[in-house]
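Both complexes shown next keep subunit A, but they swap its partner, so subunit B is in the first and subunit C is in the second.
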Partner chain A sequence: MAEQNSAVLPRGAVREEFNNAIEKFRALLGGENVLVNADQLAPYNKVMMSVENAAHAASAALTATTVEQVQGVVRICNEHKIPIWTISTGRNFGYGSAAPIQRGQVILDLKKMNKIIKIDAEMCYALVEPGVTYGQLYDHITENKLPLMLSFSAPSAIAGPLGNTMDRGVGYTPYGEHFMMQCGMEVVLASGDIYRTGMGGVKGSNTWQIFKWGYGPTLDGMFTQANYGITTKMGFWLMPKPPVFKPFEVIFDNEEDIVEIVEILRPLRISGTIPNSVVIANVLWEAGSAHLRRSQYITEPGHTPDPILKKMQHDTGMGAWNLYAALYGTQEQVDADWKIVVDAFNKLGKGRIVTQKEAGDTQPFKYRAELMSGVPNLQEFGLYNWRGGGGSMWFAPVSEARGSECEKQARLAKRILHKYGLDYVAEFIVGPRDMHHVIDVLFDRTDAEETKRADACFNELLDEFEKEGYAVYRVNTRFQQRVAQSYGSVKRDVEHAIKRALDPNNILAPGRSGIDLDTYKKA
Partner chain B sequence: MSVNRRFVLKGAAVSSLGLTVDGFIPALAANSEGSIGDEATEPTMLALVNEGEAESVFLYGAMAAGKAPLRVQKVGRDLGFMLDFERRLRHGLPMRVIGLLDDASATLIVDMARSGGARVQWLGQHTAEDGFTRHHVLSTDMSEGCSQQLSRELHDCGAGFKLIEERQNGPMAPHQLTGSSRGTNQSAQWASSIGYLLASIGARTTLAAPLAPAANTPITGSFVSFSIVA
Partner chain C sequence: MSDFLSGKVTKRMLFATVLPFALVTASIQAMADGQWGSGKNLYDKLCGLCHAPNVGVGPVIAGRGLPEAYIKSVVRNGLNAMPAFSASYIDDKSIGQVTEYLSSLPTPATQP
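Right after this comes the complex of A and B.
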């Protein structure tokens, strides 16, 4: 087999050592599962961040099909000090996609480990491998007429539950806080040992996907957004499909309305009257999702001015804020809850309520209703066409579900984005007490100046939000080190102490969430 | 004369044409992998496009290459199409796919190529506005020379442009090519040239990229080009 002569090597690796490792990977996995050629690696390198692709170029990509192969990969990586970056479906668009956090890391792609190991329709759970997509699960549930419903993020069918949950992603149903619905993981540790969380360590247990906590310390969360192991199986709970599903939208005309929207919504969420992860999308998110393009309204550079936003609202009927929620249950339950919801918004005296019957097949209502009922679609990819240019980075600070806080964050984000000539394209995803304030920082990667501006903008967003006591819950791979600093030095010390104990050779995704034994200096 | 040989010869004259070249012009080695240029086994080429003038001009260029039967498929963001496309790639039958799409569709197509186990020879991000175009290209051994040829053709027709090329498996630093506009009405030439060049990857051809037909209105917007091999 020819030696590799790529200019891309893992950090600190020498060519000969790397080539020796590649030969061992080939012996373990077969040559067809060890990708080193440029045209094999290019599809792993379509990043959307404010940095050159080269900064996130892999030196190789491996595909494994069994847990034993994953253990073998880990063994070889330890022998040769090769860092690996594991992906499941790799559809973490806007958070780094499939590319590694550091140039030269070897991608371990688990897309071929795609077995739905079990779906229990009575106990309402699934156990899956990393490569299983929501689309596979949807097909399985539909074909077998199982009375179950999925919860997924907007890339839906093409993404997968394991990757999304491990990055603590969210969906739009009552089961939308995905990590909360996770139950039982199998993790290959850097030592090669296989660790099962919760009840999974008990021989013969049939409660691995039933009871989360097991005995003693519960470590599941430690493996999310982390680099302490490679998750090869994950269980999660599925929602029973309700007999009645009633999606609705409430349209608000003014940006300032966000205060009252949140205040009216919070008690409805905390009481469970509205059970799902509600979305409050601003006009630009709506526009992108409806496949409008900025160029239809304005061709001047810079942010889209408020008068244009008002014109868009006028032309399309979209609100400054657009709330999407749904009710689930029997007809009696839904009728009772619907009355509570309608009364609440009527009492507010603002907001136009739109039902499914009134909306028909119009977008974005249709795709929102589908997401809230576990039906996959790709509608939201339209956001990438709003400005165009291939740049997209999610800025996702957490907020209290308090109107004044949401307004404060919205104003702050909009001011900073506009300062850099970029648009405030945002939605709030409403938990009972928290808000995921998700902002798509869209920019043109063909324009070096705009890319630099987007990078500076993202840094300023992080800095200014931090001054106010806010931090993001998740971030793309370019900014993970920076965000780790927001959470304090003690947390980082603990994380690195765990890393030293579990992965002393620093082979598993060094840099993930700022955890990297090679670069970390204790404060 | 092969297209690669022609690139080498024309490359020697770049500086005298007033074209700004940052970085290096790599030697244009003959393609050695994949046998895509073997006409006896030439697979059908599939062109994926959206509706639009740039896409039409792209096809105009691709058809001028004329080395393989070209099948054209209009693409949206239909989930069924994307999943079917991935299945076809996964199936492993020889297939060449080139395209010029909007950002949303291309994001999906390229990611389907990854999960479908296909190879991506070229990935280009393009913006056209005010008679000027910007291009950010991720190239590979198989598409070596295409960026240089694109820049030459844009320069020859007087179109203003800036092109940044990153080389997969290459060094960190990208190289840049720029050309200033000479006021000609050639806002669409980039699309024709890219169509031609992508359709020509790996093929031995003496054809030149055709001059783009004059557009009724200047082509503007954001586009993604790609060449995928299953």
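Right after this comes the complex of A and C.
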């Protein structure tokens, strides 16, 4: 069988050793679950980053269906020093998709572990396996008329809660900070042991998905954006579906309005008057998700000039900034909060408020309202059509929820993107005290020159933001090593000490968030 | 989506709001039928979220007589912004089913 195996090998692996491991994987999982042919591996190699696919090509992919199989995979990897890259649904678009961080890593694909293990509609939580998608959960909740509401990121229907939460992704409802709503993980460690966080280690406990902290050190966060274990179950809290949901938009005409938007929003968010993860989308984000294409307005290469953006605003009624938020509760609660919100924006004297009744089924209001009420859609993928060519990398620095800071970041990002002939396509999201300043670095990946520019641009964004004391909260696999450096050497030392203790053979996703025993301080 | 909780099965067992572990076991049965149960289900729950005529994110694929080999190639490899899907996500049988379903749909008024 050896001659059928992939030409790609894990870093430092010897062909014979690799082939032996593959044979053991076949014995454990069945041949149909050990993928080594190029056509089988191609779906795992579709990336959107500014680098050739080959840099993130897997040597094999394994599909497991049970925790015991995951334990078996880990055992074989230890025996043969084979590095594995675990995915749940593999839908981490713009962050690396399903591809491994290093060429040659073996993908452990857990999509087939797709059981909704438990939903408790009274205690409002779910316990799921890695392959469960938000679409699957939505169907289940809808079919069974459960009084619950999901929170998810924009790829909603096809992505899943476990993967999104483990990468500390966010959504748009009051439960939009997903890791905050996580409660209880089951993790297969490199030793093969099964570790349950929080109350999960207590025999007979019924509070694993109820009480997060357990006893002693609380380690859940250690497994997110990390490579210390393979999460095979995760619990998370679900929001009760409110009797009244009132989405709204406030449209602002000028770029500099971001200062006042954030200032007026912060107290409303901190007080809980506006409870959800508010979005403030700029004109190009709005345009992309409403299916405008750059080619409709300009054919010259480079960034889209401001007068064109103004023309787009004039033609469509979109704002330079477009705030989307919602109120949730009983009619009395929503009415009271609505008055506070309207009064606040009236006092500001800026911003056109649009209600659901006024917007009707127009986009992007419709899909924004759906995301804020837990209804999945893929409308936001329209962003990828703005420039075309399939290149997308999220640059997502954290900002204070302070108007002057958001404006400073917006100006800095726009200047750098324009220098490289790319557009500033951005939204501020989450709050109440922070803003994830999420920028989609869109480029034509079929154009080698533009791809090279996008790569240089992303590096400069990281460098220049770091000089101002800013860093991203999450990044694609091409830049994880670079971003790890932004957070300081002591943090990295600690992370590698933990790695040595838990995974001395460095088999679990080496390189994830810059944690790699084979390279750290070895140069 | 048939590899997920079946509506009928679930409803029978959902007298209580708390679902036991044993509830969620439809996936093995569904595998024999194709992961997605039918081409319509796959289109409604996945493909159509971008490609339905009233969405407009991706090109319309219904009623165009697209061959199975072409659909499979795009599904497995992706195309520009279209993501790739492995067999663990969409199995070959489901691709065949959705091809058949797409061919059964009316030709779009305007070809993309």
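Note that the second predicted complex is superposed on the first by the 516 of 523 C-alpha atoms of A that agree within 3 Å, B and C clash if a C-alpha of one lies under 4 Å from a C-alpha of the other, contacts with A are read in each partner's own complex, and residues count from 1 in each chain.
Just so we're on the same page, a residue touches a chain if its C-beta (ideal position, glycine included) is under 8 Å from a C-beta of that chain, and two chains touch if they have at least 3 such contacts.
As the structure is a computational prediction, the values presented were derived from the model and not from experiment.
Subunit B and subunit C, once both complexes are superposed via subunit A, clash. When the two complexes are overlaid on their common chain A, residue A:295 makes contact with subunit B while staying clear of subunit C.
Once the two complexes are laid over each other on the shared chain, residue contacts for A:400 go to neither subunit B nor subunit C. Looking at the shared chain after the overlay, A:434 reaches neither subunit B nor subunit C. With both structures placed on the common chain, the touch criterion links A:377 to subunit B and to subunit C.
In the superposition on chain A, contact of A:464 is made with neither subunit B nor subunit C.
In the superposed model, A:23 lies in contact with neither subunit B nor subunit C.
In the superposition on chain A, A:79 makes contact with neither subunit B nor subunit C. After overlaying the two complexes on the shared chain, residue contacts for A:256 are found with neither subunit B nor subunit C.
In the superposition on the C-alpha atoms of chain A, the part of subunit A touched by subunit B in one complex and by subunit C in the other spans residues 39-40, 42-46, 48, 89-91, 93, 97-98, 111, 135, 157-158, 376-379, 381-382, 384-385, 388-390, 445-446.
Put simply, subunit C touches subunit A in their complex at residues 1, 3-5, 7, 10-11, 14, 17-21, 24-25, 27, 45-46, 49-50, 55-58, 75-89.
Within the complex formed with subunit B, the residues of subunit A that make contact are 6-8, 37-46, 48, 52-55, 57, 89-91, 93, 97-98, 103, 111, 135, 157-158, 293, 295, 299, 376-379, 381-385, 387-390, 444-448. Residues 35, 39-40, 42-46, 48, 61, 63, 89-91, 93, 97-98, 109, 111-112, 114-122, 131, 135-136, 139-140, 143-144, 146, 157-158, 291, 376-379, 381-382, 384-385, 388-390, 392, 445-446 of subunit A touch subunit C in their complex. Contacts from subunit B toward subunit A in the complex involve residues 33, 77-79, 82-83, 102-105, 107-108, 110-115, 118-121, 123, 125-127, 129, 134-136, 138, 140-142, 162, 164, 166-174, 220-224, 229.
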